[in-house]
Amino acid sequence: MKTLQDYIDKLNALNFKDMYEGDFFLTWEKTDDEIEAVFTVADALRYLREHNISTKVFESGLGISLFRDNSTRTRFSFASACNLLGLEVQDLDEGKSQIAHGETVRETTNMISFMADVIGIRDDMYIGKGNKYMHAVVDAVTQGNKDGVLEQKPTLVNLQCDIDHPTQAMADMLHIIHEFGGVENLKGKKIAMTWAYSPSYGKPLSVPQGVIGLMTRFGMDVVLAHPEGYDIFPEVEEVAAANAAKSGGSYKKVATMEEAFKDADIVYPKSWAPFAAMEKRTDLYAQGDQAGIDALEKELLAQNAQHKDWSCTEEMMSLTKDGKALYLHCLPADISGVSCKEGEVDGSVFDRYRTPLYKEASFKPYIIAAMIFLAKFADPAALLKQLEEKGTPRVMK
Amino acid sequence: MKTLQDYIDKLNALNFKDMYEGDFFLTWEKTDDEIEAVFTVADALRYLREHNISTKVFESGLGISLFRDNSTRTRFSFASACNLLGLEVQDLDEGKSQIAHGETVRETTNMISFMADVIGIRDDMYIGKGNKYMHAVVDAVTQGNKDGVLEQKPTLVNLQCDIDHPTQAMADMLHIIHEFGGVENLKGKKIAMTWAYSPSYGKPLSVPQGVIGLMTRFGMDVVLAHPEGYDIFPEVEEVAAANAAKSGGSYKKVATMEEAFKDADIVYPKSWAPFAAMEKRTDLYAQGDQAGIDALEKELLAQNAQHKDWSCTEEMMSLTKDGKALYLHCLPADISGVSCKEGEVDGSVFDRYRTPLYKEASFKPYIIAAMIFLAKFADPAALLKQLEEKGTPRVMK
Amino acid sequence: MKTLQDYIDKLNALNFKDMYEGDFFLTWEKTDDEIEAVFTVADALRYLREHNISTKVFESGLGISLFRDNSTRTRFSFASACNLLGLEVQDLDEGKSQIAHGETVRETTNMISFMADVIGIRDDMYIGKGNKYMHAVVDAVTQGNKDGVLEQKPTLVNLQCDIDHPTQAMADMLHIIHEFGGVENLKGKKIAMTWAYSPSYGKPLSVPQGVIGLMTRFGMDVVLAHPEGYDIFPEVEEVAAANAAKSGGSYKKVATMEEAFKDADIVYPKSWAPFAAMEKRTDLYAQGDQAGIDALEKELLAQNAQHKDWSCTEEMMSLTKDGKALYLHCLPADISGVSCKEGEVDGSVFDRYRTPLYKEASFKPYIIAAMIFLAKFADPAALLKQLEEKGTPRVMK
């Protein structure tokens, strides 16, 4: 793409009108056109910023963030996206707030949303809870808007739930599209989403689920591999299979990392916790059973340790297509000999892919901004044109 | 009101010139015209926002917030108000800051105010301290400005002190005005501010005090009711009595919730702690006497539990005018069977009034913004006109 | 100076082209012209703000702050500077972030910098670490920008490291320049940087080091004095000596506060910890030796207590030039009889200099803003002119 008009033309060929005043929960709830619209707007916003054209479409308004797990990159990606569009981030810190005082979600959500245009939530710790919580939030603001309490309905951006991590998977995918020179070049490409050994505990399932739930839509051969006992949500596997069938690609599960890596064009080796264990942990937390949680952690670490051979070593990489598969990771990775003794990936492999890995991450702020843009504006293509014509510099010269 | 000009005409008929470069501590330190100016500017700012007209009157500048108690709604209301006017919120977190290192209020206040246009403070925990602290802050910035240290004097907005909660009481009042179709319809209406049972401890007195200190100014019959031993500041009762005499309404105290609710047009049942106990607690905190604080908490909870019959039940509501009094609460309420076993209000009553309660809360950001607007601009009416004529969209279309 | 053009003319006579796209680590890494450019731009930005002209040169962009030590004034100075230029501050709180999860500096720095124009860091606790960390951050973003990961290279502002505290020393210096009516009036003036007794522990060395490293550049007679055992970095003393030789001033060390204060035009009495003890503490922290840290603290406090006569008393002040030396402090000071029993300065001395002390502090936001301005814009003089001509009011009227 060379000019903004190219992005605009592409948008004009897509049907994404249902995104207006909507929300973003799971990628597989969106049509192919809608997914492509997100990629296109993300690229267009990047194009404008790279050409020093302001994309500040809000003169005022808040972007509320709620993180129920530690976060650096997603927190900054959300802050960057909001700032890029003109919204000021206000963190809802449940420690400081009165949610702890027994308020219901409905009430708190309305109370903080009087001038909010966006709510971004990360809630990935507990199986069966995060996505539900996000729906409760959206139901609350939708009702609040209908009842005349809220002048606008803030749009929700899922910054990671128990089921999907859409901003991550879409940033990963947009990176793939750029690396392969366009979505049209992906048919028949093999991508391996595999478990990898980590000495740490309880990593969320939403990354592998998000990846297979999205990557199966582009005609690629998607392979999932993990040791026995590390199953992911079966419902998401069904989504992946259905996607693959529809897109003309394939989805299958294999039993070893070697088989997954064999001739792969893209590999995504990454640790996660077993679904069943995460369900158990959710119950233990609900019961406040700290002894049980500690015992489970010990057990899971021991289980992980049986699979140290699941590591993205140089040897493993040599099995891939020409030994040169594109290596992906959501970061931070557990790097053998760097951040831990034995981990997900060899230091030399990681080093070789550092720049592409960082570029992969650089798409996330634009993906988030695009989700907001498509939810808040009736005619995003016209608005992009308007921004270009206005031509306010992002930074004065 | 139909057009912005109506608000402007109303403003032009009021005398509020002393608000310019002033501060907002207590509602009863303001004239009737000044109180009406706040309501009018709040409505005008809301009108502009609802018509998608930016009210960003600051290109840069900080709004400093200092919360000495947990807060969600007031924190977000302040952030929303600042953002609406173009100010960026910067929290002064005493945990993180060097106030803990023995700095004096005067020094810290100047150090953080070099580019501050507003300071919002919530300090309601200790009797005889919060309001005094706010005055110390204002004295410091006034002197700093006079001495050429500060280029501007930030305006103080009292976000709740030990005496008054002006942004809450004024949001409540503006809600009443809207519900009753204008301040001119309030003469002779009965409003009951009553204590209600809560299983929690030490709720501030500033809400009932703020309510009787303000609501007595509009010709209404204001009734205060609480169990024996739950007295509020006597000075505020004197203010209420004087207000009522002047406004042609009335102020009286009754001994039961039933009597207060009888034929009331508006009810505000809400828990608070006894004044004497709060004074005692303030001393115990000053002495660092944790055992004493714990004993006092126990004692107060036991005292509360003797008055579980002070609850806004369906039966109690049926005593009000046509059984349909407007139910108010500053939120969050202790809802029987929802957030606690027995509390301030029945779940079914709360449910029926949820939308009006949320609307009541929605006025707070505008009340805060109006207080800032009136303190920072010499001619607010002309500025509102200018904003309308400029017509910068809040959100691009 | 009377008009903006005066500042612009001054800038046009200076050579500071190497500051563009650079960073600010240590004052002695900058040429005299570059130092003067910072002062000039700081004054020019202040001039514009005082004339209600917006200096918002960024329409969007983040200013990232990372504080590894408590801070009020520097935190607010950085926030004020960013806000003045149009950047939104986003704190990197290592407690909340995944740095704790073993991420490398390189990775985290890139991950948070996709839309960052500035990074401000305070890292002064550990000898040999803070400045190194800042260089690692700059190396990371420089490489990230070169590799196409970052569209812009954020500029680093050293908000205090183990070696220098450039924003403090330059704010102090600009205050001196204003008090003495111009840098041309400083030749031959005597300034005493002396240790002073404090009942607290482990105050950083970067203030005295920053002061002697900078103040020796203006032809002044700079005297350092401290009790035996309170040496500062020898490398910085070498810098000071070389500066003095070059500027036509002098640098010497004397053994008593009295000798240092004798006929001084300016005094800066301030506590700090011995260099050797700070090195030891750094090692103890690295080893996680809490018992050792506690023992060291006890030892240092006892050592401090032997030097209670090093205090800026009225008697000591009477030794200075006409008894009227300009008293400086970075604040907060340990004030005898106010914030502690015996401390760095008498209450009466501090009181007399309060307004100048607050003014001294008021330069810091402008110094920081000037450092950013000079690093981000190729032609700062032209940009200042453009801002004046545009004439957007900071606050509408």
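By written order: A, B and C. Residues from 1 in each chain.
Everything below uses one rule, namely that contacts are C-beta pairs under 8 Å (C-beta built on N, C-alpha and C of every residue); 3 or more make two chains touch, one makes a residue touch a chain.
All of these numbers come straight from a predicted model, not from anything done at the bench.
Visitor: Chain A and chain B share one sequence, so how far apart are they rotationally when you fit their Cα atoms? Give it in degrees, rounded to a multiple of 5.
Guide: 120
Visitor: Where chain B and chain C touch, do the two copies share over half of their residue numbers, giving same, or under half, giving different?
Guide: The interface is built from different residue numbers on each side, given that under half of them are used by both copies.
Visitor: Using Cα averages as centroids, what's the distance between chain B and chain C in whole Å?
Guide: Centre separation, chain B to chain C: 41 Å.
Visitor: Please set out, as single numbers or ranges, the residues of chain C touching at least two other chains.
Guide: 88
Visitor: Taking the complex as given, what residues does chain B use to touch chain C?
Guide: Against chain C, the touching part of chain B is residues 57-62, 88, 90, 92, 96-104, 107-108, 110-112, 114-115, 117, 144, 147-151, 376-378, 383, 386-387.
Visitor: Touching chain C in the complex: which residues of chain A?
Guide: 49-50, 54-56, 67, 70-73, 75-77, 79-80, 83-84, 86, 88-89, 200, 331-332, 334, 338-340, 355, 358-359, 361-362, 365, 392-397
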